[in-house]
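Chain lettering (A, B, C and D) follows the sequence in which the chains are written, and residue indices restart at 1 in each chain.
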Amino acid sequence: MLELRGVEAGYGRGKTVLFGIDLSVAAGELALLMGHNGAGKTTLLRTVFGEIIPTAGTIAFRGEPLRGNSSERVRAGISYTAGGRAVFAGLTVNENLAVAASVVETNKQKIADRRAFVLDAFPGLQRCLDQVAGSMSGGQQRMLAVSMAVMQEPQLLLLDEPSLGLSPLYVERLYQSIADIRGRLGLAVLVVEQTINPSMLAADHVAILRMGEVVVRGGPEMLADSERLWSML
Amino acid sequence: MINYLSQILVFVAIFLLLATSLNLVLGFGGVFSIMQAVFYGVGAYAAANLVVNLHAPFPLDLLGAMLVTMALGAFVAALLLRLRGELVIIGTLALQLVFSTIFRNWNAVTGGSYGIFGIARPALFGVPVSSLTGFAAFAAVIAAIFFGLSLFVARSPFGLAVRAQREDAVLAGTLGHDTVRERAAIFIIGAALAGVAGALYAQFIGYVDPSSFDVNQSLGIITIVVVGGLGNLWGTLGAAVILTFLPQLLILLPATSAAAAQFQLLLYGVILVAVVRFWPNGILPEQPSIRSAPARGVRPALLGGMEDGKALLERLAAVTVRTLPTTAPIVRVEGVSKAFGGLRAVDDVSLAIEPGRVTALIGPNGAGKTTLFNLICGLLRSDSGRVFFGSQETTRLQPFEIARLGVTRTFQDVRIFPKLTALENVVFALSSAGAHVAERAGAVLADVGLQPHADRLAGSLSYAEQKILMMGLVLAREDPVVFLDEIAAGLDHASVRALGVLVRRIAASGRAVCVVEHNLSFVWDVADIVYVLDDGRLIANGVPADIQANTNVIEIYFGRGGAPGHA
Amino acid sequence: MTILLTLLLLGLTVGSMYALFAVSFGLIYNVTHIFHFAHGAVISAGGYLVYVLVQLLGWPVWLGIAAAIPFAALLGAAIELFFYRPLRRRNAPHVAFFLTSVGILTVAEGLFGVIFGPGVLSLKFLPLAAIHIGDVSVTTANLSMLSAWVFIALVVVFLLATRSGRFMRAVADTPEVAKSTGIDLEGTYIWSFLLGSALTVPAMLMYAWYQGLTPAAGLSTILISSAAVIIGGRTGVLAGAIAALGLGILQAVAIVFLPSGWQDAVVFSVLFFVIALRPNGVFGLAFRW
Amino acid sequence: MRLSVIPLIAAFALVAGNVHPLPLQAQTGPKTFTFGAMFPLSGPAAEIGEEFKRGLDMAIDDVNSKGGIDGWQLKSVVVDHKGTALGGAQAMNQLVNLDKVPFVLTTFTGVALTAQPIAAQNSVLLMNVGGTSNNLLGKPWLYNDQVMGDPLNQPLAQYSYDNRARTAALLTSEDAYGKDDGIAFTTAFTKLGGKIVASETFPLTTTDFTAQLTKIRASNPDVLYIVAVGDTQGLLVKQARALDVKANIVGPLPTTGLITVGGRAAEGFVGSGIAVDPTTKDPAAKAFLAAFKAKYNTVPEWDAGTPYEAVHFLASLIHETVRSGGDPRSGAALLKALEAHPVFQNYLSGGQVHLLSDHGSVRALQLQQVKDGKYVTIKVVQPPK
């Protein structure tokens, strides 16, 4: 589904953040990218999403080189949930979902179906549909942010530290929902995280990013051995 | 002809003063004021009243006009200048409209719509300057004096400070500058200059009425400044000449219809749009206030590319760090807390940063490290708890006051003044620290290897060079307490290692160094003592080896791998 | 008492017209964050076009208005496309947008002066007459201003119920999130210019019905409508509309307490002190659209 | 880029310098006598500027088509003063220093007041054909072909009082004109025993008078006295009638803008101004009125008439100066001629206009009323002998 080869990217003036990244995510897979702040995780996601133009290497999506700005990539089937409270604070939950969906879908019935699907996957949102997003708790907002991306029925979902600042219980729920959706829609998910939660063991691949380079790749079993992780970072 | 040119010369002088006043405020100070015509008008009315009612001789009228406009300027500065730029535009526009009304209606002082008549021309040594050529000479001298003073202000350390706060007020504050006061000062200076222009105008025309000080006048002044170039007073001079002559050329068009006059409006509008679009720097772009002494025998152009930034960074390890003559104070943080909304970003944290050591703060993203830095440096006010530098409490001090106690802090990644040259950056960092600033700044740049780039805008340097410059600012200030926020971010191994050596050497010179860092290998390399923050709370502290072995720390950093989570 | 009532009614009607101007400006300002002074140029242009089509060329009134609305909309969008967008691509500072905007307004004012002369043109096809409500009387033009609320209601419905409307609210709320959601920011900006500019036509007709057309009309309307939007705060277009209504009433009633020359001073002092003391507007988060 | 500015400035200076070369002294053929005129060609009063210009151009054509005056062809330099004092100062400076004219027609109170000191300093004869303020009287080098504040407004007060108006409301522009004429009307009306019940003002560029009119309506005056320029008059009456102000509306110096903008609301308006008598027997006046009517299909108002008269007056001054061996291109010589014979032809209602020792003029004045979209003269007030 997603294939990165030798991607280099940064912020201009010689500030390179990513060095020769090779990474691939297949359909239906959950790929977890671990790393500290500053390791280049967010930069990597933004590069895939088209907000940063790579200075070297190729990014292919479904076998085709990726082109266009972020808006076009959403339409191509890539959805992105930025870190932090990536919701429209002044809009209601319902409106947030509708806005996200209507970027790629205009059919009202289809949007309603999707919403039913999303509410099924994120049951916590059901009772605050008419609440203004800004008034919800951080965890709820994160749920909403992810469900907004899901509303777009992407083939590839990019999640930037969805568990940051959430209580472990919420993280668990969030990953359950992600797993649920992944199972039902068969979409590929690329998540970046810096702290580990047991629910992340569901990942198919784990890679560790350090100072802009992928230093280790492996399966979810890597996560269990935090001592080893510690030494690697 | 000579008389005609004389009259235009007077207007050039008046518009030069007005535009210079606005360029100081807008171009140098970054304060977007569209009420310059108000100060112009207030100066004119003040001078008119002084001359007509009190028969004040020159230069009392001029001084009076300056005093009144400065008082008004101070009032506006106090109310508006802490707001974000966009609101300053609208706030000053509102005042412009309010004052237009006041000019028209405050009969006792402005003569209302009638204006004030019979304003005598000034007398010099008892001889009235009544002829047109005489007045033109007089106006030219006045304009030259005040233009010269403005140039002096622009090139002074104060001028540099004003430009620096325009670029980044927070950074300027942490380098020991009271930016609010500097902004207010340049605004008041601008008001006074516009007041002088008003006084000249009143005495030249001999009559003031409200129509000359309306919003269109303010916008016209902005056009001159923008065409001339923000931050360049010579450009303003050029533009004042051109734009005062240009409408005169319109007399080429037969004034047979109303249309002729509308052309001037059109022309000014087209010029404004075109300049902003195609020539955003105006006639003359901003120039640095200081230039480096030419490097002996070495032409900068030849140096460029000889050493790239990375090599320079690696050289940092060997840079001279002067030993601290006195002992640095211990920075003590006692039970400090800070909440944002419901979120407790820093929760009852106590720690000590001791001289001669590197103290590191680590913790996952959002743990409150930078917030704690900001609390110590005064950028944030703590909700409770106290901070001491040695025996002095700094809990409630402003950032610039804390900086003046001998603290340098850097910001995440890299933060410098991009529109100042490298040399100016260092000079500014030193400017709250006394004499021989330029020489010392030059020496520091030579030390870190940036001498060839001394006169380049910092924003045009490469990322590595900017980082070096930032470290140069730290070294230049030679402060006993140094806070470094994520300086290793975005660099490769060799550079990080070199920076680590430098940090060690800074501490070894007797300074108290505190680093916030995500790059843990850097921390293990440089730190003497490590404090671990999680969710705003201090959860562990000790020497790096202990922290590395602390499973609790590993857990908070990487989650509870394998173990079931709890709510 | 009658005078106070009359002035209140007057303020209510004129304030309603200001409200429509404020909504038209606020739609653009809230979404794009450009202090779009050149909106004044669009306002005047629409008015003059109706004048030319209906009064000079004899088109039916409805046809003239129907033609002016898309014209104004396209003119506003053209300003975004040809002037603001290049600046945005260049990452130009706020000041550049403002100056460009002021420049465009100045050019327009000059142009209208050259073409139509600097004097007042009155719209003869909109007769001005007195309407009596008890002791109180207002003009037909004033009554027409109350219809502003119909347009405002339509705007609110548009913002709430349509795709583009929701995108506009989303972009106004948090542009960064809008971008990562895949909303085409520049397309949304164009939409806000189209809609905001189209709304100026009915508002300008109410204005010209009463005050006639002058080249400076754009400036005077943009001053008051931008003041209202700032006073209301950037939370939503309704906040600006309510503030505009308040300004209209204040302006009308102020004459009872102050000599008439000071009206402007009252309105703009309010603006100044709101900016100085409540920089986020007086309504806080009370309005969401 | 740095260097390009200097030649640019030099080029501007050169162009500016070459636009108006100094008058050639030794010329063969007809000599050109250049004089200045300052009219409002932009701003809210621009419409009446066009009227001034019509009168000016007609007079110049008249004189020149008859072979000029003693070998001099007249030529005017018209400069826009925008209705503002600053514009006046700039315009006057251009005329005096660049065009070196010895004689300037001026309009508007504020403009004349700023121009007068410049005129006095440079010995330029200034003829005001528009401003009505009493403050324009008694100033050296400034003469007025206009009915000034007191004589202009007294008849309006008298007319109102005679028509049983006992209370009046004032609505005047915030400028010297509005203020001075308002005072003149108030003085005259209260002297007759009337009472001013409301007095409101408006900024020059305003187009909304609702609040003021509402307050005035509440004071229920018998007569509403307005001072405004050009189109603003029309807008004012239009809004007054729409707000159901029932009072008669009167005011000085009505213009065509009152009718074109005011439309039906202008009906019944009574204005005062220099008398225009289409039935005059005076041949000179008759010829002017006929010529104007032929050209513009309307009877001229005062604003076309006063510049017309002033140009003819200038011609006679040139003639007198040449006759007495002087150089008419000297303002002092023209002033001398004026002082010797301060009388000129009244082209609007016939007879002669005499300049007084206060530099004002004495001439007939008329009250006009708008009827069916036209001005109808309802009364002619002859000046006191």
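In this text, a residue touches a chain if its C-beta (ideal position, glycine included) is under 8 Å from a C-beta of that chain, and two chains touch if they have at least 3 such contacts.
As the structure is a computational prediction, the values presented were derived from the model and not from experiment.
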item: Most distant chain from subunit A, judged by the mean position of its C-alpha atoms; value: D
item: Where subunit B and subunit C are represented by their mean Cα positions, the distance between them in whole Å; value: 35
item: Subunit A and subunit C, separation of their C-alpha mean positions in angstrom; value: 42
item: Inter-centroid spacing, subunit D versus subunit B (mean Cα positions, whole Å); value: 53
item: Contacts with two or more other chains, residues of subunit B listed in rising order; value: 101, 104-105, 258, 261-262
item: Multi-chain contact residues (two or more partners), subunit D; value: 42-43, 46, 174, 201, 203
item: Pairs of chains satisfying the touch condition; value: A-B, A-C, B-C, B-D, C-D
item: Complex contact set, residues of subunit A against subunit C; value: 49, 51, 70-71, 73-75, 79-82, 86-91, 95, 98-100, 102-104, 106, 132, 148-149, 152
item: Residue numbers on subunit B that touch subunit D, as the complex places them; value: 1, 3-8, 11, 101, 104-105, 112-115, 117, 130, 132, 205-209, 211-212, 238, 241-242, 245-246, 248-249, 251-252, 255-258, 260-262, 283-284
item: Interface residues, subunit D side, partner subunit B - complex; value: 1-2, 5, 8-9, 12-13, 15-17, 19, 22, 41-43, 46, 49-50, 53, 78-80, 82-87, 89-90, 93-94, 96-98, 110, 113-114, 117, 121-122, 135, 173-176, 178-179, 201, 203
item: Complex interface listing, subunit C residues touching subunit D; value: 2-3, 6-7, 10, 14, 113, 117-122, 124, 128-130, 132, 137-142, 210-212, 214, 216-217, 220, 251-252, 254-256, 259-261, 263-264
item: Subunit C-touching residues of subunit B, taken from the complex the two chains share; value: 26, 32, 79-80, 83-87, 89-91, 93-95, 97-98, 100-102, 104-105, 219, 222, 226, 258-259, 261-273, 276-277, 280
